[in-house]
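Next come the structures, one after another.
Shared between the two complexes below is subunit A, which pairs with subunit B and subunit C, respectively.
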Partner chain A sequence: MPEPLLIVRNLKTYFYTEDGVVKAVDGVDFEVYEGETRGIVGESGCGKSVTSLWIMRLLDEKGRIVDGEIIFKGRNLLELSEDEMRRIRGNEIAMIFQEPMVALNPVYTIGDQIIEAITLHQNVDEHKARKMAIDLLRKVGIPEPEKRIDEYPHQLSGGMRQRAMIAMALSCRPSLLIADEPTTALDVTIQAQILELMKELQKEYGMAIILITHDMGVIAETADRVVVMYAGKVVEYADVKTLFNDPKHPYTYGLLTSIPRLDIEQEKLKSIPGVVPDPLNFPSGCRFHPRCEFFEKGKCDVSEPELVEVAEGHKVRCYFWERVDEVKKLEAEKV
Partner chain B sequence: MRQETKRILRRLFRNPSAILGFSLLTFFILVAIFAPLLAPPVNSFNPSMKLPDPYIMPVVSWKQEPIPPTTKKDVDPQKLGREPIRCIDYHPFGIIGGRDIFYGVVWGTRTAFKVGIIVTVISTLIGITIGSISGYFGGWVDEVLMRITDVFLSIPFLVAAIVLTTILGVGLDKVMIALIVFGWMGSARLIRGNILQVKEEQFVLAAKALGVRDVFIITKHILPNTIFPVVIQASMRMGSLVITAAALSFLGLGAPQGYADWGALLSYARDWMLEIGEHWYAIVYPGTAMVLFVLAWNLVGDALRDAFDPRLKG
Partner chain C sequence: MKERWKIVTKKVLLRVENLVKHFPIRAGVFKRIVGWVKAVDGVSFDVYEGETLGLVGESGCGKTTVGMTILRLYEPTSGRIIVEDEDTTYYFMSKFKASSYIKKTYINRFKKLLKDYGSVDSLLKDLEGVDEKYARIFFEDAKGSGSKFIKYLLSDIQEKRKNFRRNMQIVFQDPYSSLNPRMRVKSIVGEGIKAHKLADGKRAEEMVKEILEDVGIIPDHMYRFPHEFSGGQRQRIGIARALALSPKLMIADEAVAALDVSIRSQIINLMEELQSEYKLTYIFISHDLAVVKHISDRIAVMYLGKIVELADKKTLFEKPLHPYTKALMSAIPIPDPNKRRKRIILKGDVPSPINPPSGCRFHTRCPIAEKICSEEEPELKEVEPGHFVACHFPGRL
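Take a look at the complex of A and B:
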């Protein structure tokens, strides 16, 4: 195995608020290899976005790193000065956001904004930057880029804006792209186009992508390996095929069975009961136990299970992952 | 870009009140520019002799024969006192305190622009700087700067300006300093509030994610989205500042004796308040100039808001 491009090791981020300590991210480990797509999946509020913002070091002083390190190309990003970090942002690690409607500055044309991104990290003059911007726009599939470059964000459709955002993010050929729910705000047909575009560009540029989403469908389509997060912790860790065919954690299993399926007859769509716990007040023991169908009193609510490796590259944080297997077998027999 | 400029111009001249505002402003600008032609700053006895300082209104006296006709019958032009005289042929707006009102109104336009522009620009810049640092960085920086602003705001503006002018001494520059020192808080608060709102927008985070420096995030990404209310407020304040400056002059604290300033002209009229029906011109001309000046800036401010606000762009 080659050296990973990015290693996140035991990352803990707490927010110190007036009401108490919010353990938004509580010991997250994963790594990203060059050229792969690493999916991070979980419900809202499970700490996916905080993790990604920490990789960019974009959280304000309220969120504090308690422990852990983020190693990118051999350097710990958490120890870099603000100046060094700024040279990495946009240049080596770029980010695209959920809402293309608000992630572009309304007072500048998209051309201005892409040119800014280019000239920020590359030593080119305005004229050359404009040419590069037009090329980028063409590459992300915007028709008539020579004309569109002078349009304002409000003149573009949502899909076009997300394409412009991608063009901006790719302007310096980053080796890592963080996509925070890149398709959530778009309608389904546009979603597919944008995901397809990202895959193509990934192949062309050879960059790694961290794809953050709550949409299992998006994960299935694009990710190579997946981290499933729940309440600030990694609960399961596997490559995408294993995760979908053989989920081990009750939460992952719940997520997968709550996707509507066309191939089996279903009376009612399954769902995971309850909601994500209040981060100010996480349950004792396993944080998933109040919602878990395999919950056993005296064990799950007392101590927290460790991540155990159940197969090569497949880790689960659960005492009773074998029971999930049994249930899966029963389900399979029914069908 | 050109298309955008065209759109802004079209919006700017769309409604009649904007046109009125811009025409008034243009009129005042023309008067200010051509002041030396409209009211030549020359000695009235010897037109080839220039006045040492055109901003000091010359004292009117005449020796020509026959005595120029005045509307005031019993006046002896040889013994011109401080009383108002209406003498349409030579002094179309009349005379007060021995000074030609027309001359004062014309050169007073320059004074009005000077005071308005300098005070507004400097105080707005101070306000923007303090407000944007405060809003963007937040925390204790915000706390300290805003409490300082509160201290300045807690002192009544006119009283503060009077006290400071008294300490600094008489003179137009002193008035301007006083107006600047106590005039920046409005823009500071306005811009801070707007920045607090805009800095949470995702495009600011996106700009940070691109590696843009804090300075450029403020100046390039946040200010253009927040500056318009401040520009509009500034253009409206431009007019009202002229009134404040005039009020100080009226109280004898502003421009020095005889300085071409609308407020100073009005202060001459103060002694004739009881006979104002007879000497209406002493108040009406400088007063009208002031009202129209304020109106012009207010209308322009409105028009600018309609034309430039990026959120109204469609």
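Take a look at the complex of A and C:
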């Protein structure tokens, strides 16, 4: 296998707040290869956004890296100076956010904002940059880009704003695009448009994408390989087909069976009992144990399982992943 | 696994007729009305006792407005809202407005009908439901006197309002903003019980405890405040509040949209269990077709203030006829990488409800639109028993 574009190794980042230490990310490992889509999936508070913000180094003083490294093209991003980081940010690694209305500056036209990104990183004059911006807007499917370029974010619809943000992110042909819930705020028919657009652009530009989402459907349709996170930890790690056909972690399995589906009939939905844990006060041992149907006293609540490789390229953080297999077998027999 | 039992009678619990809700757009110093947002523009449907009707559509299609207008959290611009065999449309109007509504909807019509038919008996034969009932009152009890009829309908209006509120409840989307942060759970859930004088003192407390237990909240937690609960638990409290008055109809407006995936299925299952236990009828409003498919018996698909297709769940998913329904279904990502479908990608955005397209409102984005679609608005027609669709070329896509 070729050298990965990005390696996140044992990343631990804590927030020191007045109420205590929030262990938002507590041991995350994954890598991203050139041109692939790496999905990160998890529920609110699992640390998926914090991980991505650290790759961009966009967090403030309160968040501190306790351990780990983020290696991008052979350089540890966490050791770079702010100046060096600025040259990478927006240029080699770009990011799009969930809510484009918040991520775009409301007092500048979208043209201004794209042109700023281009002139900052590329050696072109404003006139040329404007031309490039118009081409980009056309490429992301904004009608009449010559006119739209002088509009303000509030004059565009949600879908168009997301397209404008993608145009801005692509302006410097980044080799890595981080998309943090890029379609969550959009309607499904618009979501389909944006996901399709991202796929086309990925093919054309050959960039890698880190797609962060809570939507298993979006993951299944766009990601090549997936990291499942729960309470600041990676609990499962596999390519997309393996993950959906053969989930090994009780959490992944529970998540997949609890989604209402359009394509199959379900009598009653399975559900994971309990609540998503409070990040100030994560459970001892395996953080999923209070909600787990395979929980064993004296083991799961005492020590934390390691992320073990159960098949090639398939890692699971669970003592009893074999039991999930047994349950799956029983379920299959029932059908 | 407990089998989910359900009785769906053919008794119509709620009938919505031609419901219209336009919001004024005001501008300038004098707040002159410069336009109208046509949020809901002629929507009709029935809800049968014991069923779950799903109302699905994208943002801005008017699904929430329909729910709010049924509950009269918005006053409808026109249309009728009939609950069981009572017209409730005028319940929350001022006395003057209510009189003119009754005059327009019933008295003038009955008088005209009498002229056409000649006799009261033949007229009554052709009317049904509320119309027949009210015609009987008008001709027999009020002896054809308009003022007596109005007086009859407006009698006990306070009582009627109270009954209506008791029977119709709502669960909101955001479990954070829909619960008063300064009230304890006990008061939130018990407020309705007190206001409707269903019980007081110890007995009221007992009732709150029972309901909390039913929705899966530890009864001892009733002295806590909303912020002490997680999102899923708060939504349970919201459901408990709606349940406290044992309503007949519960409107769930995006009740699971704000919840995490693993919590969402808990709440969906809870709502299904409560439905059989409390014999509830649901209107389940959501943008998520997969959730609506799971919980509903019949589904109405809305687009820009209109219902474009309405059918029972099985028919709608096996044989969708409206191009929008098809596009909506194909747009939803399926959590299974082994399945790849042909996807219909719609062009453009949803047009503005201030100035909806002429003819069929979907024609600007429709892949099969023809000339007639931009000229003539298709009616919601029953193409098969129970399957309604508003399209000039149903099933062509």
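We adopt the following convention: the second predicted complex is superposed on the first by the 331 of 335 C-alpha atoms of A that agree within 3 Å, B and C clash if a C-alpha of one lies under 4 Å from a C-alpha of the other, contacts with A are read in each partner's own complex, and residues count from 1 in each chain.
Keep in mind that, in the parts below, a residue touches a chain if its C-beta (ideal position, glycine included) is under 8 Å from a C-beta of that chain, and two chains touch if they have at least 3 such contacts.
From a predicted model like this one, the values you see are computed outputs, not experimental measurements.
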Is this a clash or a fit when subunit B and subunit C both end up on subunit A?
-> fit
Figure out whether A:L307 sits in contact with subunit B (first) or subunit C (second), or with both, or with neither.
-> neither
Which holds for A:S258: it touches subunit B only (first), subunit C only (second), both, or neither?
-> second
For A:H214, decide between first (touching subunit B), second (touching subunit C), both and neither.
-> second
Please indicate which partner A:I190 is in contact with in the superposed arrangement: first for subunit B, second for subunit C, both, or neither.
-> second
Would you check which partner chain A:R89 touches, where first means subunit B only, second means subunit C only, and both and neither mean what they say?
-> first
Scan A:V124 for contacts with subunit B and subunit C and give back first, second, both or neither.
-> neither
Subunit A contact check, subunit B vs subunit C, more residues touched by chain C
Rounded to the nearest 10, the angle in degrees at the CA centre of subunit A toward subunit B and subunit C equals 80
For subunit B against subunit C after superposition, the smallest C-alpha distance in Å amounts to 8
Kindly list the residues of subunit A that each of subunit B and subunit C touches, one partner per complex.
-> none
Would you pull the subunit C residues touching subunit A in the complex into a rising list?
-> 1, 4, 58-59, 230, 232-233, 260-266, 268-269, 272, 287-291, 293-295, 317, 327-339, 343, 345-346, 349-350
Which bits of subunit B are touching subunit A when the two form their complex?
-> 1, 139, 201-203, 205-213, 220-221, 224-225, 310-311, 313-314
Subunit A residues touching subunit C - in the complex, by the definition given at the top = 43-44, 157, 159-160, 187-193, 195-196, 214-222, 240-241, 244-245, 254-256, 258-263, 266-273, 275-276, 291
Of subunit A, residues touching subunit B in the complex = 56, 58, 61, 86-91, 94-95, 97-99, 102-108, 116-117, 120-121, 150, 152, 154, 165, 168
